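Each of the two complexes below includes chain A, the first together with chain B, the second together with chain C.
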Partner chain A sequence: MSTDKPSVAVWKFASCDGCQLTLLDCEDELLEVAGEVALAYFLEAGLTSVRGSYALSLVEGSITTADDARRIQEVRQASRTLVTIGACATAGGIQALRNFSEVDEFRSIVYAHPEFVETLGTSTPISAHVRVDLELRGCPISKAQLVETISAFLHGRRPNISGRSVCSECKERGNVCVTVAGGTPCLGPITHAGCEALCPAYHRGCYGCYGPADTTNAPSLVVRLREGGMADDDIVRVLRTFNAYADDFRDASEAVAAGKGAE
Partner chain B sequence: MTHRSPASRTLEVKALARVEGEGAMFVEIRDGAVHDVQLRIYEPPRFFEAFLRGRSYTEPPDITARICGICPVAYQMSAVQAIEAACGITVDGALRDLRLLLYFGEWIESHALHVYMLHAPDFLGYESAIALAADHRPIVERGLALKKTGNDLVDVIGGRAVHPRQCARRWLLPGADQARAAAPVREPPAGA
Partner chain C sequence: MKVDGAASGPVVLDTAGLAAAVETLIGDGWSVIAPTVRDGAMVHDVIESVADLPTGWGDKQEPGRYRLRRRDDSARFGYAAPAQSWKRLLFPPRTTLWRAHRPPPGSADRDAGDFVVQVATATPRYAFLGARACEVRAIEIQDRVFLGGAHTDPGYRAARESALVIAVNCSSPADTCFCSSMDAGPRVASGADVVLTEVAEPQHREPWYLAEAFSDRGAALLRRVPSAAATPEAIDAADAVVANAAAHMGREMPDVDLHELLSESLEHPRWDDVAERCLACTSCTLVCPTCFCSSVEDVTDLTGTEARRDRRWASCFELDHSYLHGGSIRSGIRSMYRQWLTHKLGTWFDQFGTSGCVGCGRCVTWCPAGIDITEEIRAIAGPHLQEVTP
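Presenting the complex of A and B:
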């Protein structure tokens, strides 16, 4: 492989592989992208040979073991640009639900021999460990945002990724608001755009898989959800899924769990 | 990989490639017989079984999908069927057909990935599908087209290729409302 092309690596930590699969799912763009970069390390695709440094590292998954906390330092040192891909890497993922519980109890009910299972008490985003140059949201990430990120990287410009909410994508798509028209609870007002308002387009409320938008007013949405008839423990659960440990969602769920803001 | 003599050697694969999940393998052969095999799964645990407790019956399909991004439909369907079994609901007709179609989409996508992108390069002596494409581009393009067909099917029926979203309440749990009427279960939260 020629060495003048920028080398790209894909790394996995605690995750489901869905975000890195999104790269292989770019069937129409994959061979073209592969022509522009030297895909150097991508274990799932069988690429393990090149060692050294990487112009761009795409990092999937959260940090949940002591080994991984060390490995992410090595990845950072070897990477000129480091981009996290998805809710696990950006916010800790669904596995960050342990952060609200006791991991020893989790371990003892899931595994017959918990003594063989190494884990930290928390699942934390990559940014809690090393400097991150860009974070892509979503569980999973959007193909369009991934392709935009890679092409911006190749052209040395900033990727054009908006931090607005799912609500604005609903308007663009011409969706009727599921909350206003149908009374369906929806996290769209506080959730980061990127999915093109997928769930409301199918008459489902958003469950926040893209994590918090750049500016949110979660306490106000909580008031609206309560007015719509949701019980507090339901509100806590809906805020605690794939982005449970993202600051805005975590603060909101902790406030509701503590009974704050209730009548 | 380390070789000592043909009859006695050790094989060590530190990272198994081309699989979802992470593992290492160690095989020791002594005098022509396998003496020791160790498979080490160092994929970090994520504890789905633990955090599914206390969730509403509408939530598991979306949560279990995240066990694996390559076969999310398998996990969604397992959760849906477990909940339906618990509620005594059977699903047939067009709904069952749609579920099968969704599943077929996943199979096509996942098998095309497996055959063309992960295994073919091994059998043909290439490092990866991308290296294979340099010499046999039409074949890799055919694999990508097949894979895309599977993804398109999941996309059309489920809303997106990875972690399809239209599976839980809209039409995969049609009996959920009867079940709620019959048994005192918790109300579904937002997004259900």
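Presenting the complex of A and C:
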């Protein structure tokens, strides 16, 4: 690997690889800079130590094992800039549902030899372990935001990643609001922008795959969902998907699960 | 009301006359934009003929709720404010202000400078068909924002100065409308080229229109389409439509000095109350026809040879809207909501000599939490209201 090109490394922790597929999907764009960056993939969660040093590390996945908790420290040490990509890396992912329950129970039900499965009791975001310079949200991340982030990194500028709500993008795109005009439940008002309001553009409510926006009021949205006829069980379920353990979503789902605020 | 030389007074257009007006405009190269039905709401879009207008459709608007409904007549303009405003066209949600290109080293262009900068210039020719009194008033307010003062917006100017406005006096205000109490409707007072009043007839008959020219361009258009002179009866019928609309305003802004009230109410407990309901979703500001905030984003491509500056809509409900060095000065929903209401209804007067609200009701209808600004004002004004209405 040449030393004068900025080196970009991609690391994988507990995740489904969907975000890396977004990276592969950027091949045309990335080929343009193939001469300018050296790209290294570390897809296997091997037990070997992290080698080399990297100008930019893109980290996919959450921390679910003691080995991963150690490896992320090494990745941080080896990286000048560390960007987490996707809901797993930024909020613990769908696997953070374990945080609401007892992992040992699942383990003995799911695996024939649970004694061989070494895992932590929680799935935690990268930011719970090391300093993170930027988080890219989404399940999976948006190709446009990834290219924007790498471009910004290469040219030493601030990436244009806004923490406003999905409603902003809905209005920008000219969608008719599915909640107001159709009564469809939508998490858009409390969800972080970045998808360009994809689901509402196809007449579906937002599922919150980008996690909480900068400023949210999940308890108020819960009131609206109830008014719209959604049962508390369903409200808990809709808040507990890809970003179940992101603070604002978690607090709201726990309050609903505990029966708080219900009439 | 009418301009000099504009004319010979109001005329009556039938469907053929309206169709001819649309055809004439398209033939002259205008993009004719009008309300159309899409995804369960009225949405402005390019139309090819009068057949694209939402004949027989009406709406039902409430706080946080919008539904289309069938009317029992053949009106083409029998509904209140569409989902978004004409702002989308004059002040687009996202636009590129300029682009820069870095030619390869050694090329002739490269000698001229590191970057070749190109300022984006679009010159659309929009004809807005069906703009309401509140909407025309909102355009006049945005004119003060973008064209008043020393620094004007060239993109807005280009779109605005060419735009032809064929307004329609309102016949069917929604439950969320309060233009009367903002002195912004339902009758169009100025700012249009032609003003129509639609007189609807039962389903099997076509509606007809009283048409008045408010400008030379409007008069020229009317002269080119088939029409009949307006009889006193026709004028009375049209007046009755607008009078009926005025009598059916869905709500009312309390009649208080809003500027004074809000400047005295910065610590009112109601801000905490509304902060519990508001989602900080930005919808109200983005659908509001007068809100003008934007943010610029500088973008470079991966290779560093192309750069551009984009401008996009922004809102005081975004955390970054008040970001100064080190943090955001309005970090909670209480202060964000207070900014919206105090700016819109209060400090707007200091800035532009007018209210920022025309009573179109969009922020009420399209708020996913169903927050109604007239209700918030009523709560804040509480004691003041009792003083004026014993």
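Here is the rule we go by: the second predicted complex is superposed on the first by the 250 of 263 C-alpha atoms of A that agree within 3 Å, B and C clash if a C-alpha of one lies under 4 Å from a C-alpha of the other, contacts with A are read in each partner's own complex, and residues count from 1 in each chain.
Following the convention adopted for this analysis, a contact is a pair of C-beta atoms (placed from the backbone, for glycine too) under 8 Å apart; a residue touches a chain by one contact, two chains touch by 3 or more.
On a predicted model such as this, the values are computed, not experimentally measured, just so you know.
Chemist: Judging by the criteria at the top, classify the pair chain B and chain C on chain A as clash or fit.
Modeler: fit
Chemist: Classify the contacts of A:110 with the two partner chains as first (chain B alone), second (chain C alone), both, or neither.
Modeler: The answer is first: A:110 touches chain B but not chain C.
Chemist: Between chain B (first) and chain C (second), which does A:52 come into contact with in this model arrangement: first, second, both, or neither?
Modeler: A:52 sits against neither chain B nor chain C.
Chemist: Touch check for A:30: first (chain B), second (chain C), both, or neither?
Modeler: Both partners.
Chemist: Examine A:19 and indicate which partner it touches, taking first as chain B and second as chain C; both and neither are also allowed.
Modeler: After superposing on A, A:19 lies in contact with chain B but is clear of chain C.
Chemist: Taking the superposition on A as described, I'd like to know which of chain B and chain C A:204 touches: first, second, both or neither.
Modeler: first
Chemist: Answer with first, second, both or neither: which of chain B and chain C does A:148 touch in the superposed model?
Modeler: A:148: touches chain C, not chain B.
Chemist: Which of the two partners, first being chain B and second being chain C, lies in contact with A:64: first, second, both, or neither?
Modeler: First partner only.
Chemist: Applying the document's definition of touch, where does A:186 land relative to chain B and chain C: first, second, both, or neither?
Modeler: So A:186 meets both chain B and chain C here.
Chemist: What is the angle, as a multiple of 10 degrees, that the CA centres of chain B and chain C span when seen from the CA centre of chain A?
Modeler: Placing chain A at the corner, the angle measures out to 110 degrees.
Chemist: Would you check which partner chain A:259 touches, where first means chain B only, second means chain C only, and both and neither mean what they say?
Modeler: A:259: touches no partner chain.
Chemist: Which partner, chain B or chain C, touches the larger number of chain A residues?
Modeler: B
Chemist: How many Å separate the nearest C-alpha atoms of chain B and chain C in the overlaid structures?
Modeler: Distance of closest C-alpha approach: 14 Å.
Chemist: After overlaying the two complexes on chain A, where does the chain B footprint on chain A coincide with the chain C footprint?
Modeler: 30, 186, 203
Chemist: Going by the contact rule at the top, pick out the chain A residues touching chain C in the complex.
Modeler: Residues 29-30, 32-33, 36, 147-148, 150-152, 154-155, 157, 160, 162-165, 167-168, 170-177, 179-183, 186, 188-190, 203, 213-217, 219-221, 223-224.
Chemist: Under the touch definition given earlier, write down the residues of chain B that touch chain A in their complex.
Modeler: Residues 15, 17-22, 42-51, 54-56, 59, 62-63, 66-70, 72, 113, 117-118, 121-122, 127-130, 133, 137, 140-141, 144-145, 147-148, 151, 159-163, 165-166, 169-170, 186-192 of chain B touch chain A in their complex.
Chemist: Over in the complex, which chain A residues touch chain B? Could you list them?
Modeler: Checking each residue of chain A against chain B gives 12-22, 24-25, 27-28, 30-31, 34, 39, 42-49, 64-65, 67-68, 93-95, 97-98, 101, 103, 105-107, 109-111, 117-119, 123, 139-140, 184-187, 195, 198-199, 201-209, 225, 230-231, 234-235, 237-238, 241-242.
Chemist: With touch defined as at the start, can you tell me which chain C residues reach chain A in the complex?
Modeler: By the definition above, chain C touches chain A via 38-41, 43, 64-67, 83-84, 88, 93-94, 275-283, 286-287, 295, 297-304, 312-313, 315, 317-320, 331-333, 336, 365-370.
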